[in-house]
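Listed below are the structures to be examined.
Below, chain A partners chain B and then partners chain C, in two separate complexes.
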Partner chain A sequence: MPIAIGTTDLISILPIAIVSLFGVYLLLQSVFAPRMNRILIPYLGILGVGLAVVGNFFLIGMEGTAFEGMVRVDRLTVVLNFLFLITAALSLLITISYHEGEHVEFLEFTPLVLFSTAGMMVMGSAESLMTIFLGLETMSIALYVMAGFRRTNRHSLEAALKYFLLGAFATGFLLYGMALTYGMVGSTNLTQIAQYFTQNALDVPLVALMGLALIIIGFGFKVALVPFHMWTPDVYQGSPLPVTAYMAVGAKAAGFAAILRVISLSAFSIAFQWSEILWVLAVLTMTVGNVVALVQDNIKRMLAYSSIAHAGYILVGVVASNDQTVPSVVFYLIVYLFMNLGAFAVATMVAGQNERRVNIQYYRGLGYTQPLLALAMAVFMFSLAGFPPTAGFIGKFYIFSAALQSGYVWLVILGVINSLISVYYYLNVVVAMYMQQPVDEKKIAPVLPGVGVVILVAVLGIVYLGIFPGTMLSVLR
Partner chain B sequence: MESFVWYIPILPLTGAIINGLFGRVLKDKAGWIASLSVLGAFGLSIQAFLLVREGITFDGNLFDWIVAGNFHTSFGVLVDELSVIMMLIVTGVGFLIHVYSNGYMHGDPGIARYFAYLNLFIFSMLLLVMGNNLLLLYLGWEGVGLCSYLLIGFWYQKPSAAKAGLKAFITNRVGDFGFAIGIFIIFKAIGTIYYSQIFQQTEELLAAGVLTAATLLLFVGATGKSAQFPLHVWLPDAMEGPTPVSALIHAATMVTAGVYMVARFSPLYSLSEVAMAVVVIIGTFTALFAATMALVNNDIKRVLAYSTISQLGYMFIGVGVGAYAAGIFHLMTHAFFKALLFLGAGSVMHALAEETNIQKMGGLYSRIKITAVTFIVAWLAISGIPPFSGFFSKDEILAKAYAYHPLIWVLGTLGALLTAFYMSRLVFLTFFGKSRVEPEREHHIHESPPVMTVPLIILAVLAAVGGFVGVPEVLGGHNHFGKFLEPVFAQAEANLHLAHVSHTVEYGLMAASVLMGLLGIGLAYLMYIKASISPVTLADRFRKVYRLLSNKYYVDEIYQKLVIDPIVSFSRWLWHAVDEGIVDGIVNLSGRLMLLFGLILRRVQTGYVQNYAALFVLGTLILLAYYLLS
Partner chain C sequence: MLQLTLFYIFAVLAVLGGIMVVVHRNPIYSALSLILTLFALAGEYILLMAHFIAIVHIAVYAGAIMVLFLFVIMLLNIRIEERAPGALRYMVYIGVPMAAILFLQLGYLAFKGFQEVYVKNTDVGTVERIGQALFSKYVLPFEITSILLVVAMVGAVYLSKRKLEIVE
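Up next is the complex of A and B:
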């Protein structure tokens, strides 16, 4: 059967196409272009992302499927596309500043960011299990390479290898789960899967449940749910800082996009079958993430465990499985984007050449040597810890209120206790910055424009969403 | 109106942000940025006023602010007859005081900070009067409280100023606590925070039996903010702040927030006789109580502070007896003459190198003429001498009070006598008689620069003629002011059945109160100019009374013994026994436990991929077992 491709089909993947084409173009450019032009590559990458953002505006208001039910365009798609594109643009900005401190050729870096962003967007606009898988692999393979980008650094190579091995391992589970689901439903189309579950809601065959469980595990690996999180600290620590930032935000958001599409929406009718499991996973993830973060003194590892803990909070919203799930989870992902990219941007500035200064002791006295940088970091830490009036507070508030609406009182109590624990290690950074003497006299290089823009955008985003969450929420509803 | 009304609060906020961020660079220019932003807001307020006069009011929302479950709040404003009057007072008087501050604060190292706070205050005050819901009211209410605290303690290097700021803040917390509970009760009972909806559902509040409780609790907030007995103690100490601040916040605007609130909630207050009676009684008592303390004080600003407390009492009598328009009328004229008195006092202090003791002044009339003449205008206005503004507004309140209960009128008129007396004493001791100025200050005396005197002159004109907008019918006027406000208070007045007094009685009442005013002035004249009655012998003869008054009825001391000391010792016990012993113990224990868990769990992170994969599989097996076994 020939597949007819119409204009609607093409428009629905417009941002994905733009980003991919730019990726291919820049890959060729990095090989064949004269040396002079090579420094322009990250800027061209940002241009490509910008064009994709413009392209994404054409998708606003569209509602439906394309490519014979492989791709879905709806409000969620559009918002997620924006989210991934902003993440890519900000990460590339951090990369530009990072280049200047590192003696590594970062030529292929920009195309890789673009490819994996395309993969994320594919996941966000998936209407079929196959589309999700395709997007997931496109994203992941690019990330494996990026993790090992500091070729001369032992930790970086170790990170890449671990991420790749465990990633391949987890993909096996995911694919098996998809196969089982397909076996029972007879289709990979998410709408048809949803119909199947609705029809069999009272007596779901065990095999289908197994399939769903394996899919949860596959996605759980990507978003770092305990006990499938073990790769996270090692990979986050070993990867170059801009990659860590991109991975922590983009890959996690993409994973949750897939969870929303498959678990929250398609398997909505049998929520009672999986919410208990996710309940346990959420509590485990929050608790392990926060408790282990307490004893970290490497900022990258600390942020890695913090990102595990945040995956737990977001999962609380999924467990709620009501009409608040999608808005509250997406809102949290947006907030998470700003506060995490901001924190990583500051960490990049502090780390300096060869990432020598990633220990928390190097933050001592930052409030006096670099007042603005420290102030921004304080905002990020307060937001991560969930203090009002930052966006982090509002994000948690909506997630927890969604769970309360479904009656998960204990889950919310445990979540709040967990945020309480997290205050310790986030404020540890603030205490170091403002209440301790600098450990050495070495001055941190002045903040570079690229990182400066990221930090500014992140602070403004956090403050704006913290004080005026209404506008964004009305978009998400 | 929707197109521009938003800019009214935004302009001062912008000024505050600019001065707050770039104050160090701007230095003296900060004052002009601040003044212009308020002038802009004043211009727009006039435009709003013109629209409202044509009958176009506005009640609408700017944007969704908080959306949580069923709770939904918008950032909404209400511009009607009442709020537009308040906006004009806040921005108009506010602008004059901003201009004056440019001279008064000249050369102060913290000038940018000063103007940032002052602009922030105007912004908060505008939120308070413009909001169309309880949340914005509360936000503005707390915002002005914060600015008041910051500005009282503006010279924070001075321990007395820092303490006064703290006292104002804490005293207001007590009131705000009641205020917040009042708001909660209303929200709980009818589930909305919008005025328009609340006023439509007054029956439900009545049916729930919470109307009186809610209005009384809101009034507790008003006693704090508007310095009414028993929460009046902070206002005299607030005089530690810069004098223009006293004029703006502690005389003309913020302290009148309570009066505005009662007037705004008139549809609720008018339904509860108990609440109205409480407002009237507290107002009457405070009017007299504060006036007596002003009789013996020797600090020029503190006398004015007690006078403010007392005049606020009159306003509460007005809104309490149901004469809402009269209360707001007095609020406006008081804003003119009291701001003028404070600014005049500032000008006197400026001339005398910060001297505030009126016993060390005298004979200043010929030396700082503009200040003196404008001060005299304000004095005649507050003493209720026709045709100055205070006469019309105070008389309207007293006439309505008579209709409510003659005793209130008697006490109020007695207060008018005291007011005339202590204000005359202040004027005579400051501007007339022989100079008692300390020699080293003597050569320093000079009139203030035009940037300070021009606002004085403008305010003097307003204090003189401001009353003509509300000339009562009995004097052949049309009471435009009252007519203008009628739509706002129509609902409340429908609930009340106000008795009317005949014109003959009204003439009588008016004559009596003017006589009282003249009597007060005459007494002061005899004591302080003619010296035919010696104040010293008088104080000696009534030594006990004098001591009671000059010690402010020992209210501060009583609070210290009855409230503060027990709280402090209880808190000490909480600190040592409960907090250090029990709470810290548990916290430290759980903290250590968590760190221990962290250390153990970290062990799992071996770094070997095999182990990671093994845990992965284990997790998977448990997960699958859940489905297999269930």
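Up next is the complex of A and C:
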């Protein structure tokens, strides 16, 4: 049997291949050029991501599957690839500044970010349960290691171990679910799974439903849905800040990409079976995330619970399961990218050496000592809370209107109430910055160029998407 | 005829190994006997034309997992049958019913009589067929797996290199 790999096949995985090859190249870099300055390595990583972005442009307009039905290239793939690559580039930029205070070892860190991004892109472009699983594992294993990257810090090691053990456990659920689905359908191909569910929509075998439920648990863990969220606060708190930022945005977006591919698109015809389960999960996730975030005084923990709450909002879009689901969810993921990475960039700046200043009390008086930094943080907080005219408002608006279109009035009401609760803890930071006296006289280090770029991009993204959402939405539709 | 002879040789070896695992007082001998059983089972797989499974069986079970067992035994430094008194009593309550269930199942099968199964494609489990599948239809998952393994290796090396002092 000859090996038949055509040009289309290779182009369809171009960004994934570029990022992976760059990761391998950076690993070998220290062998070929041992005296090279280590600080250059993340810049080379960003170069690799940039090349992958260029490669991704070749995918625009393609439609179809490649590698014998293992990956699918469509508009969703292209947009998700851009999303993951931007996340990786911005996280690497934060890391460069982070290095000033902490000795994060770039030699291993940068390739791990690149491999993890490759895994996310595999998930986003998957057309088979097999590729989804492999992408998920590549992403997760890299993240487990990255969570423990401050090897001398007890909390970081705890985060890595906790994430690894619980993640491996969740992988077991996912794998069981996939095995059961495969057993019923006879194929791991998502198109064939969709056909199977359409044919058996009126009388779905229990085993197939069990498989789907276990898959939801597996993905629910990755995107931190309540009640599978227990790991989130500890892991977010213990991980180094750039890793937390990358994890919060990238892993969540990849998880929701997989949910869109498997649940929303492949199991579309039996939406009545799973939408009620996800309805409950969405309400639980929003409520628990927002209510627990109220009492947090550590900015990392607060953002962790806020990220749980945002997973709940995004799930509302999945519950809607109509033609608005994919555009609204992806739009929200893009908005979430900008506001979360921005908030984490500011937090990195304020935290300083050894991440000593992660409590919200250190934000007191920031509006006078660091006006620009505080202004940016205020924009991120307003966007996370969903104030117009920021992008956070538009994102929530589209998610909730998608749910209304399918008649989930109560879900939307609960979502809006939750959104109001969240205003308290987001504005808490703003109040601390502008209306309270600084807690100590120690000056915060000036904003470093890497973080500065991230904050600038994030603010511009939020304002642009908040005022002109039409362009992006027309692309997504 | 040769096949049948080989089958019985492997079967006897597997059962002997299994018995030695239980009977030996030194846990290291038990572990080594288990390796004998696993090799014998791999031989049976080869007779069933499942070459790939046989190799994986040896590499994973006899190789990786048994080395892990031996490591644990040697690290814990268990001498001859150092066990907590009373632990065995509880084992009996679980072990005997389990064994009873197992024998009931075997007896049921023997009572019902074995059905003969004809395998049409005898080369399904061979290394060639699996290699062809891996490098044609499943070439992309295969390559992604290689990245996955690189990530795991880099991570393991990074997290375990050099000594470190943990600060609060």
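We adopt the following convention: the second predicted complex is superposed on the first by the 467 of 477 C-alpha atoms of A that agree within 3 Å, B and C clash if a C-alpha of one lies under 4 Å from a C-alpha of the other, contacts with A are read in each partner's own complex, and residues count from 1 in each chain.
Quick note on the criterion: contacts are C-beta pairs under 8 Å (C-beta built on N, C-alpha and C of every residue); 3 or more make two chains touch, one makes a residue touch a chain.
Only a predicted model underlies this, so the values are computations on that prediction, with no experimental measurement involved.
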Task: First (chain B), second (chain C), both or neither touched by A:V54 - done: neither
Task: First (chain B), second (chain C), both or neither touched by A:V409 - done: neither
- [ ] Please indicate which partner A:R151 is in contact with in the superposed arrangement: first for chain B, second for chain C, both, or neither.
- [x] second
- [ ] Tell me which partner A:I39 touches in the superposition: chain B (first), chain C (second), both or neither.
- [x] neither
Open item on the list: For A:V288, using the defined touch cut-off, is the partner it touches chain B, chain C, both, or neither? Pick first, second, both or neither.
Closed with: first
- [ ] May I ask you to decide whether A:F468 touches chain B, chain C, both, or neither, giving the answer as first, second, both or neither?
- [x] first
TODO: Once the structures are superposed on A, label A:I13 by its partner contacts, choosing first (chain B), second (chain C), both or neither.
DONE: second
Task: Complex contact set, residues of chain A against chain B - done: 161-162, 165-166, 169-170, 173, 206, 209-210, 213-214, 216-217, 221, 226-228, 230-231, 233-234, 276-277, 288, 291-295, 397-398, 401, 405, 421, 424, 468-471, 473-474
Open item on the list: Which stretch or stretches of chain C touch chain A in the complex?
Closed with: 132, 135-141, 144-145, 147-148, 150-152, 154-155, 157-159, 164-168
Open item on the list: Quick check: in the complex, which residue numbers of chain B touch chain A?
Closed with: 63-69, 74, 591, 594-595, 597-599, 601-602, 604-605, 607, 609, 611-613, 615-616, 618-620, 623-624, 626-628
Task: Sites on chain A touched by chain C in the complex - done: 1-5, 13, 20, 23-24, 27, 67-68, 70-71, 105, 108, 111-112, 115-116, 118-119, 122, 128, 130-131, 134-135, 137-138, 141-142, 144-145, 148-149, 151-154, 157, 160
